[in-house]
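Order of writing sets the labels: A, B and C. Residues in every chain begin at 1.
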Amino acid sequence: MDMGTANQSHQEWLKEMEAASRAKQTSFIDGISAKLRRPMVTEPPRHPFRGAPDFWNAYEWGEQERIDRFTANFLSVGGHVERLATMEDAQRFITDKANELSAKYIVRQNQPELEALNLEGALPDAQVSVWNSDPEQFWKARAAEADIGVVIADYAAAYTGSITVLSSKDKGRSVSLLPTVLMAIIPVERLKTRLGEIMVHFDEGGRASLPAGIHFISGPSRSADIENDLTIGVHGPGVVYALIVG
Amino acid sequence: MKVSLFVTCLSDAIYPRVSEAMVRLLARYGVEVSFPKVQTCCGQPAFNSGYWDDARTTAKTIIEAFDDCDFVIAPSGSCTYMIHHYPKLFEDDKVLHEKAIKLQNKSYEFTQFLIHVLGVSDVGATFPHKVTYHPSCHGSRLLGIQDEPHALMSKVKGLEFVPLPFAEDCCGFGGTFAIKMSEISGAMVSEKVDHVKETEAEVLVGLDMACLMNIAGNLRYRNEPVRVMHLAELLYEGVKQA
Amino acid sequence: MSGASGHSKGSSVKDRADLALNNEFLRKAVKYTTEKLKGGKLKAMEEHGNWEEWRERGKQIRLHTIAHLDYYLNLFVDNARANGVHVHFANTAEEAVHISLSIAERKNAKSVVKSKSMVTEELHLNHALESIGVEPVETDLGEYIIQLAGETPSHIIIPAIHKNRYQIADLLSADAGETLEPDTKVLAGYVRKKLREKFLEADIGMTGCNFAIAETGSMVLFENEGNARMVTTVPETQITLMGMERIIPSWADLEVMATLLPRSATGQKLTVYMSGITGPRRSEDADGPEEMHIIIVDNGRSLQLGDPEFQELLNCIRCGACLNACPVYRHIGGHAYGGTYSGPIGAVLTPSLQKNIAEWDDIANASSLCGACYEACPVKIPLHEMLVYLRRRKVEAGHGNKLESAGMIGFSKIMSNSARFKAILKLGKMGQKLVARNGEIRLKVGPLKGWNSHRVTPSLPKKSFRDQWGTMEAEIRNGLQEMAPDMKNRMEQIVKNREKGGGNGHGHS
């Protein structure tokens, strides 16, 4: 079959499915309203319990405490944390680690801050690829074969020891997922106290502002599925460095 | 001020000494306890097994037995909590529903009555033994008895308290559960007794004779010499000794 | 092999439980893990603080959402569609399976990589996929093990809780075609390598859904291994199966769920990965699925809507805390419950989803009603009460046990009349003369057989309390003290407050 027509017929099929789904939606939701014994609610209901309790929303730590708590939490789950003053320090740390691990393949997000690190120049023996910089590449495979993935956190939360990364054309979801080692740079001003300080951006920005993937990462991949014995690095990166910079 | 004893069928039939200790202990504070003889069982076996019509029949007997008193006291957190189900049982009967709420509001488990109504925590008892305590599930989780027994025990001279490991675990009684699911129930009570043995206590106390009968039954089955008592018995014995 | 692994063995909960109780390893393994998880939860609760406030908040958010489920579900669907998601509705398991298979067929799929989803277990979707020649691959480590063993999960969070490392090494060695050491690192390392290939070659990634955010049309997954991220990042097509009650209004509400769920499940502050996925990849993105489907599944859930006794079941966030707290689960493991969901939540949910109370013969009886499940539940579902409602409905529907029904009629006859109660006690005392020795009964026959296999029964004393009351009362009255005035005042005050309409302040109502 010609791929063009196959694709077209698939699009048509999806349209048919959508029409069926919209028809079904009416009866499905009507059924719920009927079970709830009232007409369908179409106006936003008052939600007096939205989000965390008030006392929590007022909870905030100072910068040093955020750093200390993030560090303690991240270490306790088997992650590594480095406190670095400048991006130059970050560059040194990453190159030293890459040399120490004899990393052959490195993949990084396509961001100016990372470009400025000039990892390509600093690591002449390694192949450093820049996410989605060449549309001909199969980027998921590039990330899968990488020893190290380098990303910049969009946010971080100290209370849970979490790094938040958002996807985009230049920021692959695979970069923080497929390599063996993950290096995440956290500009210190992006380190918040609570998860709620991060979530609020998604509520305020609304649907259209959200990327396809928002990922909270709180340490190396792990499992306790065999006799409750903790194993690190099951599917995601087994070694995760959080580099707090600034 | 009329205080009535809800003896509970288990204490009436098998453990009269428990209610006797409770009544005699309260008499020392001038609490004159009456015993409405028309009372029988709280109805819990039928209620928990799903036979609510049968539970209603007995619940009605209890509601009427205690209709005219100001306080109801019972040597059981579980039977006291059963009374909290009465309003739901009589949802469709306005008169009984109201009476059920009244009964619920005036019903107290023994330690609650001592601490919260009489304001007594030191009964002046002496009991020079190593004691551990099993908090029965309905009394602690549902009725909310937490510190009351500890407040009472901590004032008993000579009593050495040893915490029971995994105290909050159910002993496996569960009424008809012990008969219907006898193997699971047996495994649960055996585990409870293992924990009691770990404490090396001479005495196990509790606030519910059903659970204590279950645990004592397994202790006896295994020929373990731990003495099992209701806290009312312990306190009364300790008062007599002092 | 676990003696209680298959559902076919043993026809009732009691039979399956007895099998499990005779399986020393199973009991030890389940006990060890549940105790560890329970301990982790208690520690996390204490460390976090204000747990009751959070729990209450979680409950209120869930109550609010379910009470307005029509509104929020519509909102979610509109937003998800706007994000480019293909949304489908399935009233029944069959419909959900049909839609899933249609997509797989359209995509000419050869294999589907799956991350842990209890809904797909409900639907028996793996079998359905196999039946059309599509290979389903479970990618959660525990689920992969269970799939190799041809079993079903026995715990919501730890699917292979009933297997030890030797059994797992055997299964994985057979899969690998070489002998693997029974070492966790080695075994997990093998699965990582094996599944890497599967992820990269799979046509479809299939997931469940922990929460769906109505206001942005996002779906949220909690996990530790990274397999759910793999499944939603690598294959070209994503299919998400979502129970229709998984909705929460906003990301702000997600913070509350993210606070309650991991702490209650494993004692973690947050799972290693929490992913919010909002539609398929944007056209310029280089990873993520090109096509994304969300199938919204009812499959019995709406039976609880509008039912005041069971609606709160829909609040469940599937954390497994009630399993870990349950003394019965700890002794018999998950398979003894005989359904997709086990433990206290399973004992209520399974019959409720299926509405065939009669068939789920004794599942609701497999509880001592101790209330540990309610206490552990992060959204305060009164499971212990629901178990009693189920038992009642079974009796009301005429499915009660005949002998028990007769017994209960006898019970209420005796217990509604104190004279009859007294007469029965007298009969009992006469009857026990033959069997009681030194105040004990050890005989293992008749109704005492099960009880006396683990215990000794006390015999009835010579005189019941009511027999002794006459003399006792006279004696007490003789030596009665005058009540202290402050005590008397207290009592009068309590009675007065009660009349004013205040509660008694002792015990929950």
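The working rule: contacts are C-beta pairs under 8 Å (C-beta built on N, C-alpha and C of every residue); 3 or more make two chains touch, one makes a residue touch a chain.
What you see is a predicted model, and the numbers here were worked out from it, not measured in a lab.
Asker: Quick one: point me to the chain whose Cα centre is farthest from that of subunit A.
Answerer: B
Asker: Central chain, going by Cα centroids?
Answerer: Measuring from the global C-alpha mean, the nearest chain centre belongs to C.
Asker: When the centre of a chain is set as the mean of its C-alpha atoms, what distance in Å lies between subunit A and subunit C?
Answerer: Those two chain centres are 30 Å apart.
Asker: Any idea how many Å lie between the Cα centroids of subunit B and subunit C?
Answerer: Taking the mean C-alpha position of each chain, the two centres sit 29 Å apart.
Asker: With chain centres defined as C-alpha means, what is the inter-centre distance between subunit A and subunit B in Å?
Answerer: 54
Asker: Hey, which residues of subunit B end up touching subunit C in the complex?
Answerer: So the residues of subunit B in touch with subunit C come to 1, 7, 9, 11-14, 16, 19-20, 23-24, 27-33, 35, 37-41, 43, 45-55, 57-58, 60-61, 70-71, 80-81, 84, 104-109, 112, 116-119, 137-138, 141-144, 168-170, 172-191, 213-214, 216-218, 220-221.
Asker: Applying the document's contact rule, which stretches of subunit C touch subunit A when the two form their complex?
Answerer: Listed in rising order, the residues of subunit C that touch subunit A are 29, 32-33, 36-37, 50, 53-54, 57, 60-61, 64, 67-71, 73-74, 77, 79, 82-83, 86-89, 91, 102, 106, 139-142, 145, 158-161, 163-165, 168, 184-185, 187-188, 191-192, 195-196, 199-200, 215-218, 224-227, 229-230, 232-234, 244, 249-256, 258-259, 266, 268-282, 284-288, 291, 296, 298, 302, 305-306.
Asker: If we count contacts the way the header does, which residues on subunit C are in touch with subunit B in the complex?
Answerer: 13-14, 17-18, 21, 27, 327-328, 331-332, 362, 365-372, 374-375, 384, 388, 390-396, 400, 404-405, 408-409, 411-412, 414-418, 421, 425, 428, 440, 447, 449-458, 460-461, 463-469, 472-473, 476-477, 479-484, 486-488, 490-492, 494-495, 498, 503-509
Asker: In the complex of these two chains, what residues of subunit A are touching subunit C?
Answerer: On the subunit A side, the touching residues are 10, 13-14, 17-18, 21, 24-25, 28-33, 35-37, 40-45, 47-53, 55-56, 73, 77, 131-132, 139-141, 143-144, 159-162, 167-169, 172-174, 177, 194-196, 199-200, 202-203, 206-208, 210-229, 231, 233-237.
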